[in-house]
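Multiple structures follow.
Look at the two complexes coming up: chain A is in both, with chain B in one and chain C in the other.
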Partner chain A sequence: MTVTEGLARLQAQFAAAVLGEDGAGFARHLAGDAGAGLRRLAIYRNAILANRRRALRAAFPVVARLVGDGFFDEAALRYGEACPPGGADLNRYGATFAAFLAAYPHAAAMPWLADVARLEWAWHESLAAADAPGMDFAALSRVPEGEQPGLRLLLHPSVRLVRSAWPVLSIWEANQPDRDGTPDREDGADDVLVWREAQRVLLARLAPPEAAFVDAVARGLALEEAAGITDAWDFTPMLQRLALHGMLCGFSTGDRVPA
Partner chain B sequence: MTARFPPRAPDPRKAGIGLRTAHFEALARSRPALSFLEVHSENYFADGGPSLAWLERFRADHAVSLHGVGLSLGSADPIDREHLARLARLAGRIEPALVSEHLCWSSIGGEHLSELLPLPYSEEVLAHVCDRVASVQERLGRKILVENVCAYVRYASSTIPEGEFVAEVARRTGCGVLLDVNNAWINSVNHGTDAMRFIDALDPSTVGEIHLAGGEVTADGLVDTHGAPVFPEVWALFEKAIARLGAVPTLVEWDVDIPELAVLLAEAAKADAILASSIERASRKAAA
Partner chain C sequence: MNPKRALIRSALAGVVAIGLGQVAVSNAAEGEPAAGKEKCYGIAKAGQNDCGTATHACAGLARKDNAPDEWKYVAKGTCTKMGGKLNPPRGK
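Showing the complex of A and B:
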């Protein structure tokens, strides 16, 4: 047995003893008073679960407020069992929490919950997304008219679009610290644009053609194709809005993917 | 690579504090004279955005210490190259005075346990850890400090006293030691060992930083919480430690239930006073 095989076995048994149901089998690896050693393994269990819980609470404060502490902590525990962190950076832990909630039987009575989680994760990702230089509008203005339909725009790395059949933005807004939790709408769909501007993450509700247009741009479609998706709708105001709020950071013409 | 920031080193005669989001505004306003600011490296692994912008702003005025909690130096898993690449990117961007990690493991079989877990201290594990420390130093192109952790359990397979293990890692790899006085104290109480014997095993020239922190007394022993004032016994052990090691850049850690900035600064001032009196005693001794 190589050193890493022996160490791997010991560490796997430690993890099983700390996170599993029964740690007693690990006693033979411990020095000193076995009873005290096994009780102290619980210190690790509590710390590991608390760290995971804290990371999820930080990323999903609205979900936590909607479901309450007991529900959230239990969901965090089950999520950790199903999808333990695959990296040491807990700020990246929770990418699949929305999908977990969508399938979580105890959340079945709250069908909007998973989409609220998706919106919170988009917010969380937007905050930490890469910085990017602004759009070179001078260069953009030099694109000959004939090539404009083929323009492909590059969105800022912080831009996200969250589309939901539920009024997730209303729910999100109602559950900010200064609000009492009552949403101004209880049904209807929300398409939410998420972006970072002046180091703050901002959210805005989009009309259906606006969302379809942003989605098309995000997928790298040329303006002509994006316009086709949104039919006769004039995309110019939406384009200006993206530009004004720093959501565009590059473009390409022809078939090149924007960079 | 050209430097983006003025080179700054921690002042060994003064304590630093941990940089926490809750204190960004207050710290930027009051700009206290501090030996250095320490951050958990992973909290700045973002690709961009406000966390990095703040850190760069503070870096312009202060020496920064990057303190990692996730590299899992002692794991049997391969080193997470992506994690290490992010650390290297952050170090390139911030130009830290110190980079440290823990002598522990925190992941196995690809699962991360997000906690500093103890290692068995054996010749085999020593060789394994030294290989990994060397490989991290090579990737980062710099020396790192390794920190002794709190071990609530000890292994039957340990054959080397902890102090000798830590000292040997430093001797073989050329890395430095981040001496956590609170961890040394807690281990000594929980396991009935002698904390000063642990400190005496270290080569003073390798100790590049000291950590102090508060903990909690429980029925199962002392627990290192980083959420309370420093124990009086830990202040006393700190005094004895620097009497042996000389003045070393010192940090009071406070990571949960984070108090007002003023409380942190007061804990740092206590450390300053002890460092100052130690320096004075040493210079009197040298003059005599």
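Showing the complex of A and C:
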């Protein structure tokens, strides 16, 4: 075994001892008596779990408020065991928390909870999404008419569409800090457009054909196909809205997917 | 020209008009912060700038978290106000 391999193994053992049920097997690597060593390991464990919990709370404040501290912290702990962070940046931790909640038996009485989490993650991702240059509208104006139906539009990296069978936007709004948690609207299926504008994340509820159109554009469909998603519906206002709010940032013609 | 293509043509013309008329606005919206304002994403989300460990009491001892009390499985937040009130989805 090389020195590097030996170090990697020792680090893996340390990680297992910190996060595992007990670190007794690791005690021989620790200075001082075993009891003191294990208590010091426990400090690491406590700090790591607290940091994970805080990262999730920062990304999912509405879910945390909806279920309360005890429930949230327990769910966060279980999630961390099932899906440990994949990297050192805890801002990226929580991408699968919504999926976890969807399958979490204790959340079964709140079938909308996972979708609220999806909306919060979309918000979180939108805030941190890369910048992109704005749409080159002059270039767009020069696209020959014959190529217009084949145009594929590129949405800004901060744009997300969250489609839910529940009134998730209403629930989200009701659980902002200045509200008492009572939704204005208790039914509906919300399709929520999420985007960043002037460094703020904004949310808007879309009508079903609007959502279908945005979804089609996001999937890279040509404009003619996206426009045909819903018959007898004029996509012009929605397209203009995307342009007006900086949600378009590029296009391609032909079969090439915009990059 | 078929109606859909005519619609696409007019829609794009409208978008171009918006885009070319709004250059200043779109620059302000993305990338170029207003004068005197430093770009800082943390502003929009309180607490995100905190170092994860700065406020954490490292002196805390490990708790045995593996045998949770039942109350940790019962939601005690604002959702209790919504319990039984939200209507099941229609359609979708």
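To be clear about the criterion, the second predicted complex is superposed on the first by the 258 of 259 C-alpha atoms of A that agree within 3 Å, B and C clash if a C-alpha of one lies under 4 Å from a C-alpha of the other, contacts with A are read in each partner's own complex, and residues count from 1 in each chain.
Going forward, a contact is a pair of C-beta atoms (placed from the backbone, for glycine too) under 8 Å apart; a residue touches a chain by one contact, two chains touch by 3 or more.
This structure is a prediction, so every number in the text was calculated from the model and none was measured.
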Which of chain B and chain C A:131 touches, first, second, both or neither: both
Partner chain in contact with A:122 - chain B first, chain C second, else both or neither: neither
Touched partner set for A:236, first chain B, second chain C, both or neither: second
First, second, both or neither for A:11, with chain B first and chain C second: first
First, second, both or neither for A:29, with chain B first and chain C second: first
Chain B versus chain C as contact partner of A:51, first or second or both or neither: both
First (chain B), second (chain C), both or neither touched by A:228: second
Winner by number of chain A residues touched, once chain B and chain C are compared: C
Touched partner set for A:77, first chain B, second chain C, both or neither: second
First (chain B), second (chain C), both or neither touched by A:86: first
Chain A positions touched by chain B in one structure and by chain C in the second: 39, 41-43, 47, 51, 55, 90-91, 127-128, 131-132, 196, 199-200
Of chain A, residues touching chain C in the complex: 21, 39, 41-43, 45-47, 49-51, 54-55, 58, 64-74, 77, 90-91, 106-107, 109-110, 112-113, 127-128, 131-135, 137-138, 140-141, 143, 145, 148-149, 151, 156, 165-167, 171, 174-175, 180-183, 186-189, 196-201, 223-224, 227-228, 234-236, 239-240, 243-246, 248
Parts of chain B lying in touch with chain A, wherever the complex brings them together: 42-43, 45-51, 53, 69-72, 74-77, 80, 82-83, 86, 105-115, 117, 120, 124-125, 127-128, 152-158, 190-191, 218, 220-221, 223
Interface residues, chain C side, partner chain A - complex: 4-5, 7-16, 18-20, 22-23, 26-31, 33, 39, 41, 43-45, 47-48, 52-53, 56, 58-63, 65-66, 68-69, 71-79, 81-83, 85-87, 89-92
For the chain A and chain B complex, residues of the former touching the latter: 3-8, 10-12, 14-15, 18-19, 28-32, 36-37, 39-44, 47-48, 51-52, 55, 84-92, 127-132, 157-158, 196, 199-200
